[in-house]
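Quick notes on the structure that follows.
Note that the chains are named A, B, C and D in the order they appear, and that numbering of residues resets to 1 at the start of each chain.
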C-alpha cells in the first residue's frame, strides 16, 4: 500500500527526521491559508500515488500566498495519468545545495532488507543504478540486528560526508530504517534527501510502501486502504474487497483465470497472438462459484472489455464450481459480451457438461482459446 | 529498580495479561471506597518493595467493605522490615486451583535471558530450584529472536498443560516476555500465576525489576526512582543523587572506599577481625575531592556509625584528591567520630603529607587498618 | 531419486485442523506421502484422517521423529510455525501459506540459514517427486515419474506445463514450487545445484515471472558454471505494466528492475532456450 | 607470552575524544601499547596525542589494520561501538564503559559468539600483559612481568592483590578483568582455558565476588578437567546481605543464588585454596 507524500512526510517528521514545513489542502482557499502559516517561497505539490507528477506539471512554485492559491487551483483541476488530483501539499521551498538518495528495500537473493544510498539523488534511482552503478552504495542489513547506527554512519561516509555531517546524516538514515521497520515498509525512501545551503539535511520528498500482507499489524492503514484510497477504480476497489487480484490494463479482452502465473501467461499469449488484454484477474486457488461470479461481474463492468476470456486449469479449483459461477454471473449480471472459455482439470467433464447444456462452448487448449479470444475481440471492433 | 506490585500489575493488565481486579489506596477510607467497586471477598496487600510481606502480616483478607477498611487500617499502620507501609492494594480474592511460577531473568553463563517456569509456584522459586530441581523448566532465549510463541507453548506443556489451556498459558508467557523486554526488566515474574477453579489463568502476584542501567530509555521510571521511592533512607537517596553506590548494613563501622570489590573485601576484613560494617560505600574510580566529601557526609550522617574507615587504593583515584576531600568534609561537616585511614597508590606521598600535616594518621596496610577500625569501634561502646 | 523429498520422507502437517490442512492432508496421504503427525496448538489429542494431532511440534517429534513439515497455518502465525519446525529438528519445511509479511519471511530465512534448514515457499504449491512423495497442494494426476526437473515461481503455470509434459509422455523427477513471494527459502540457483547432483534428472525446466532478478542470477550461474544439463525456460509477464503487482506479491516490476525482457535476454544469452508459450516447452524438450 | 594481548597487539581507542578516552590513551601509549588510531563519530580528521582520529572504525581499519579495540564510549552508545569494532574485523574488544544495559550486552555477546570475537567487559579495568601491552585503565606501576595469571571480576581488588604480589616479587603473565556486570564477554572458564595453554603462566589467581554462579561453574570445571595448574582464589562479599547490589551491577545475591559461601565451598571442594583476606594470596602462592 502506497502512502501519499504528505502521509509519509508526517511520519518522518514524527520520527525526528527534518522535512520542509508544510500543510495539506484540498481547496485553493485552504492552500492560501496554509501558505500564510509558512515562509515564502512555497512549493505546491500534487498528492497522487502515481509516479512522474513532476513531469506532468504537478509541482509548482509560488512567491506569495496569492500565487500559492493560484498554483493550488491549477493543480487541483489537473489529472495526472488519468487520476484526478484531490489534494495538494504546500511547503516551504528549501535552498538546495545537493540532492542525495537514501532508501530501504528488500533484496531477494540475500533474503534481507537492503539500504541503498547515493550522492546522486533527485532522479530515478534505478536509472542511476543502471547507468552509474558506482554511484550506488548498497548495504545488506543483517535481519537479526537491523541497521546498526555505525552502519548508517559508514553509508554517510561512502556518499562523501565526514565529521558532523556524517553523524547527522547517519542519525537520519537510522531513523528512517527504524520508521520503515515499524511500518513493515517494503520500500521507504527519501528521494531526494537534500543538503541545504547551510549544510543541514532534509527529506525533500518521501515515499513509503507498506507491505500489504502486514496490514493486520497496521489496522489504521488497512482501514484507510479500503476507505480513503481515492485512486482506485471501481473495479479495483471491488476486487480488493472480494480478495481478488485485479490489475487494469489498456486492451479490450477481459481475462479471468486461476493462479497468478497462469493469468500472466494468458495475457502474454493473448498479446503473442496480436490481441490486447483489458485486465489481469486471478481468482486464486479453490475459488467457489460466488467468487467466480464476483470476478466476472468486475471484469464485465469495465466498459473497455469487448470479449471475455476465462482460463481455468482446475487443481484445487473445481471445474464444476467454475461452471456454476459462470451460470450464476450470467443469470445475475447478464453476459452480453462474447465469451471464450478454456476449462480443464479437476471435475473437467462435469464442468463442461454444465456449460455445454447452457449453450456455452468450452475449449481445452489455452493457445486455441487465446487465438479465438483475439479473433473475437477484433470482430467486435474497438 | 523494583516496581511495586500495583505498578507491575497495572503494566501486566495493560499488556493483556489477566490479573485480579483491584485498586490502590493510601488511607482506610480510600480502601473502603475501592472495595465498593470490587466483588467480595477481598485481599488487602501492603505495597512494599521488601520481600516477605506475607509472613510479616502484610496480606489480609476481608468479606465486606467494612472489614476491608479495617484491614487496610491495620496494614497502613504497620512497618515491614523497618519500612512503614504507605499504600495498600485491594483486589478481588481469586478462587485458586493451582499455583504456578513463570518468570524471565538473565543467565550469566549463557549470556542470555532465560525463562523459568514451574508447576510449583507461590513459594520462593530458588528454594524450589534447590530442593526439587526437576520441578523447574528452564528455557534459554536466543537473544536474536526472543521467546518464540511456540516456545511459550512448549513451556506450558512441560509444566503439565495441554490443549486450550496450553495455548492460553503460552499466550500469557509470551506477553510477559514482551512486556519484560519493553521495560528492560532484569527480572519479571508472576509468582504465582494461578489456575482458577474454572480453568483460566491469572497473575496473582507480579514482580518487575527494571535494569537501572536502562533507565535512560525509561525516563518516567528514572523520575519516579528519584522522587517517589518511599523506601529509600535519607543516606540512600543522597548517595543515588551523588552517583555513589551505597548500601546500609547492620554494624557500626562506616566504610568509604574506591571500587566495589575493594569495598566488599574491606567489609569482609572488618568482619574477619570481629567488627561490624555499618555500610557499603564505593566512591568509584577517579573520584574528585567533592565526591569524597559527599561520601563522608553521607556515612557520617548515619547515627549508627561509631568509627569511620576510609580505604583507598589509588589507581585512577589520586591520593591527594582524597586527602583534600577528607579535609573538605572535616571543615564543612565536622568529623567528630574516630577515623581510620588507609591510603596507598597514585600520589600517595602527597596525600599522606596533606593528612599528616592536618593531624590525621595514615596507614598503609588494609589488614592493619581494619584491625584498628574494629578496635576503635569497640572502645566507643555500642 | 529426485530432490529434497522421496519415499522415505516422514512429514508432519502444521495447521492440520484448518480447512486447507485437513483437505490436503487427506490428498497427500492418498498419494502415498508418509504423514506421521499433525499439529495445531489447542487441538492436541484429537485425530484427523487417523493422523494424531499434537499441540506442539516438540511432542510430535518425540513420538514420530519426522524430517519434513508442511505448513497451512494462517499468515500471522506462519512464521512462528516455521520456527517451531526448525527448532525441533525438521530439516525440510514447505510453507503453503500466502500473505506472510516480508519482515516475518526475512526473519525465518535468516534462522533457516543458520540451522541449514531447507525452506520451500512461502506462497508455494509445494513440491512433488512423482509417485514417491507429495508435500503440497498440486493436483497429483497431472504428474508422472520421469527425468525432467521443474523449478517454478508459479502454481497453476506449473500444472499447465506439467500436464503438457505428461500428456506428451515426458515424466518429472521432482517439481519444485519456489513460491510467489519476493522472499522465499530456495531460489533458482539453489534448485539448479540440487538437480545437477540428482542422477534421475536429465533436463530442467525453469519457470520464472516478472519481479526481482533471481532469473537473471540463475542465467549468470548457468553461463559461468557451464551448467551440465539442458535448461528450458518460460517467463510469465511480458505484457505486465511496471509498478503493478500481478497476483503474486513477488510479481512486480519496480522501476526498470524485474521485467520479463531482462530475464528472457539473460537466459537466452546463457544458452537457455526460452519458450514463447507454455505449450512450446514440451516441444523444445522433445525436438530441441 | 601471556594471553589475549602482547607486544604485537595493534589497538584503536573508540571514544578517544572523551575525557576518559583521551586520558587513558595517553597512559596506554606511555606504557608502550601500540595505539594506532582513535575513533569518534563527528570528530574525524583531528588528532589526540598525535593519534589520528576517524569518524568510523571502517576508515581506521582501512588505514591501520588494528586487531584490538578499547571502548570508552558512553553507555547508551557503547553496544553500537562494540558492533562497529566486531563487524570491521577487530578480534579483541575491551569495553571499559560501565552502566551498559543488560539487553544491549546480551545482544553484543550473541554476535561476538557468531564472529568468534573476544570481548572483555563491559565494566572492566581491562587487561594487561605486564611490560608488553596494556588495554585498560589500571595503574601500570603495580604490575610486573612474571608467571602468575590473574582473572578478576573487580578492578581495585585486582590492584590490591597485584600490588601485594609485586611487592613480594611475584610477577604476572596477564591480569584480566572480566568486568563487574552480570553479562560479560569472557567468564572464568574461558580465561582458565587460555591460561592453561599459556606456557608463561604457572599459577592462576581467581578473584570472584558475590552474584551469579560463574565461580561455581569454574570450580566444577577445575575439578572435572583436573586443571593442571594451581589456582588460588579470593571471593569478596562474605558480609553482603541478600538482594542488595554491592557497587557492581553483577554483585548481588538473588534469593539463595550467588552467595560467597556457595562459591568458597565449591572452589574448596575443587581443590582450590581460597584466601580469607587479599593479603593472604601472596602468602599462599609462596608457601602453599
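Some points to look at:
Definition applied: contacts are C-beta pairs under 8 Å (C-beta built on N, C-alpha and C of every residue); 3 or more make two chains touch, one makes a residue touch a chain.
Being a predicted model, the structure only gives us computed values, none of them experimental.
Contact with both subunit A and subunit B is made by C, D. In this assembly, the chain whose C-alpha centre lies farthest from subunit D is A. Among the pairs A-C and B-C, the greater number of C-beta contacts is found at A-C. We define each chain's centre as the mean of its Cα atoms; on that basis subunit A and subunit C are separated by 27 Å. Measuring from the averaged C-alpha position of subunit C to that of subunit D gives a distance of 51 Å. A separation of 55 Å divides the Cα centre of subunit A from that of subunit D.
Counting partners per residue, subunit D has 107 as the residues that reach two or more other chains. Across the assembly, subunit A contributes 144-145 as residues in contact with two or more other chains. Residues 41-45, 55-59, 77, 80-81, 83-84, 87, 107, 111 of subunit D are the ones touching subunit A in the complex.
Across the complex, subunit A meets subunit D through its residues 145, 148-151, 153-154, 157, 162-164, 166-167, 170.
Residue ranges on subunit C touching subunit A, taken from their complex, read 75-76, 99-103, 105-107, 109-110, 113, 125, 137-139, 142, 152-160, 163, 180, 182-184, 187, 207, 209-210, 212-214, 217, 234, 236-241, 243-251, 254-257, 260, 276-279. By the touch criterion given at the top, residues 51, 105-106, 108-109, 111-113, 124-127, 130, 142-144, 181, 184, 186-187, 211-214, 216-217, 245, 247, 249, 257-265, 267-272, 277, 280, 282, 285, 313-316, 344-346, 365-367 of subunit B touch subunit D in their complex.
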